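Dropping a structure here in structure tokens format, bear with me for questions.
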């Protein structure tokens, strides 16, 4: 059961070679890097993982490689798709490979809460009893789910065991959700962890986010769960300038991949096209931000 | 009480002079034209009335002139506004002038049903006990209201006495609404009356629409309410090519004003800028469509 | 070369069995039905063909069956996809099977004309020299292309040999396109052919649309190209009430499939879920509309 | 001429009393507060100033009070409006009162660059030779302007003397704009100044943003223009946790008003309804963030 999920779930990048081919070997080094910096689990094929640029066969190969290397740590696979048929096909395949569950966001174009419920009823009729992370990411999907709607989804569909909450403001929504949910589910938060320590204070079970320095995510999580609130904030604040820099949608993903490459986690920083490419000016800013980060960490 | 509304409500044009000034004198001829072709009431300052191009002072002057000339027939005033303060101000002013009620569509940007209810709670707290037409026109507002949501709004806010239904398909929604509403309200339909006889068969109380030939609207309504279903359809079908031609959003409004000008209802066909202007090719099509309409009417 | 395309291209339905499985046998009867009612070519896997509900393997099987049965008439395959990788894969597969070309609409989410050009540059770099129909269907994609933008796309990408124009108003846009395009391409129109005879008068090369009565599409096209303008309009007008009824987005597709089933073109009217299902009230309206159509045709 | 604008332009809040009435007296204390913390100019009636909740008369009164108290510092007035008539009316009124210029964002609903140019042509034909700040804030307006489009607007309309750039990523767009603009205009940046020092490095002329601690904005600006890049970043980073907390759209405005109230800048923190209200949990977070800010400033 994923309802007891807690800890640090890393939203993984998908490594590509310079020519745009998937780089499966880098998946191994990447997941080892994440694990050595405190990851408790992984979420693959998310928005930041460039999932929408893959063919179904590539998506399956990437997910399979992550699962194989995860060493038993849970792997959640993003299966959101405009086609329920494709969603169901990938779900069956990755569950066979050993995924811990799937993550589903409602598709762009759902217009009312009535349509939202009909959609998930249809999905769960197709995929059956699969542990599911409901992703609430309206700025990406264009589908806005109120707290009462999320509570009703959780009430009606036992498959929903985790909520990935990345509406904004997340903090006030988390408080309302914790007051309103009828049964215990895990709540993890995304938005590149931009509000992580405050979200911990509001009652989440950990981050589900990507960052070039996952040791910050795990560090803040450990400190906060040990009751060291001020220390958790101080650690977070040290990384915030870089975190905010990476929090610039797909362009921020390009930055993150460049820093992961510098740290040896992946062989090549390229994003699959169409996607942003970094300029020398961008690289100079990364240098500056990393230098300042090192200075703050040394001073602390 | 508007809950017993039935009949033919004409969505009025706002007449402008060639230089873009409001043409109040043409309001008198226009409303006389509508009345002589079977209008039972009027809806002014709607989308097709170019309301969004007026200053508050102009809007008030236009509404006041319509009310003064309506000869006691009910006038509904569209007061939808991104600013609740402006909505409330115009509502108070037109109710003082003798409007029968106001029409309100939810503003662009409302994202969940929770926000929808909060919005109308705030509006009705401000405007008080004013008879209100709820406008369901998602293609214009971007706000999609499900049947359960509309029923809940009607349940909670007694001010809602009429629903102007112009979602698509309207016909299936009307059937669901009639099955689901807890109390009797009037339902009138818009979308330029493109589905009027079918909507009559689904249980509406009449059209709330604009057309250059309002005698079609009143004719279909009378025939249908007399049980002459096939005749109602036949009359409607005769006008459908022209109706469909006018059903091309703001460009269709330009067509409608040109035909109304030809029929003597208004002095000038101009729309206030920014807005479409007709070309000689467009005028040639209007000539063709009117010629064919006359032929069909003569044959019938 | 598709630049000389002219005639009647039918946008095909995808037949499903009652349990939602693809019904390949009905593809044969369907394409024979279309051909016997005047089709000159076919467009498969469009929005009205429920393409978004298929897996990639199903899409390929459906397209292949249509191509095999088309008897040498050109088949255009819709390949629009949020993933360029999937778009390129399907394009290569269907061109191998003998498709005449592909149809591509810009994906939801493109925000500026700069992004639009970058998108098509990327697509054509991937798929190479494949004859392409550019689909301008903003109400479905959310991407609005101005006349200058379309002209620039046509100028820069020789692969674009046909424009499927289904913005609204289509008629004024067609006139501007014909005045502005630097080179000759074919223009066909969609929107369920709601403005077909007027669009013919504006200079299109034929319809690319679906309708339960394709004999209307071919009849209007033949009459108009023979210079019989008034007769073309008269024929069109006879069918307009039913055409308008089918022009209600996905619900209209359900109606169309029901009528195609009654006419023996497909075995089962079901849409794949999620999708609308017809009620007895809906069926009664279809009966009424077909009865009135027969009466008008008999009178003519 | 505003083309030489440089320095710190504060986006002002609009003070309200607890009952929702405008609090004009607090405008005086607020502008004095801003001035004493380094403001060089002001932008009033922006999105963060709750402009959309005011009546035209209230908007004029608020703008006039700000202008009267500004002591000769330039005041830019936001006049964006769905109605060009209202935009023109407010523009004429505030220019008469001594505004330095107006700020205009394209209205929601513009769909192509062709429509964008037609819109501004129409606006400038109405308002004439008024110094104008073009606001590029797509996340609020839904209108996305590419760099080539902005350059063309600047080329064609000499009234555009300043660009308020708040697309994301802003930094890469600023670099492209500085390379592409044909004539010198000022570029100021918004987005609550979340990327201020990096934007300074990309060539902007200062911030146009709101913050409860305007001394950060002016401090970063002064340090950066003195060539103290690392010091500018260090100062900025100290405030970043609070800045990010205030950068949560309208809820962030509620936070900002609460902090401004605590600092004596305004009498009451209330937002006009509909708008967010802070809870005790929110207040506790503000306490925490302010305490940590003080600690960092003391340590520096």
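Brief remarks on what is shown
Residue numbering begins at 1 within each chain, and the chains themselves are lettered A, B, C and D in the order written.
Here is the rule we go by: contacts are C-beta pairs under 8 Å (C-beta built on N, C-alpha and C of every residue); 3 or more make two chains touch, one makes a residue touch a chain.
These numbers come from a predicted model, not from an experiment.
Touching chain B and chain C at once are the following chains: A, D. Chain centres were defined as the mean of their Cα atoms; on that basis the chain farthest from chain A turns out to be B. More C-beta pairs in contact connect the chains of A-C than those of the other pair, out of A-C and A-B.
Between chain A and chain D, the centres computed from C-alpha atoms are 32 Å apart.
A separation of 39 Å divides the Cα centre of chain A from that of chain C. Centre-to-centre spacing of chain A and chain B amounts to 47 Å, using the average Cα coordinate of each chain. Chain contacts: chain A has no residue touching two or more partner chains. Residue ranges on chain A touching chain D, taken from their complex, read 168-169, 171-172, 175, 194-195, 198, 201-202, 230, 233-234, 236-237, 240-241, 244-245, 248-249, 251-252, 276, 279, 281-282, 285, 288, 292, 296. By the touch criterion stated above, chain B contacts chain D in their complex at residues 52-56, 58, 82-86, 89, 108, 118-119, 122, 272-274.
Residues 111-115, 138, 144-149 of chain A are the ones that touch chain B when the two sit in their complex.
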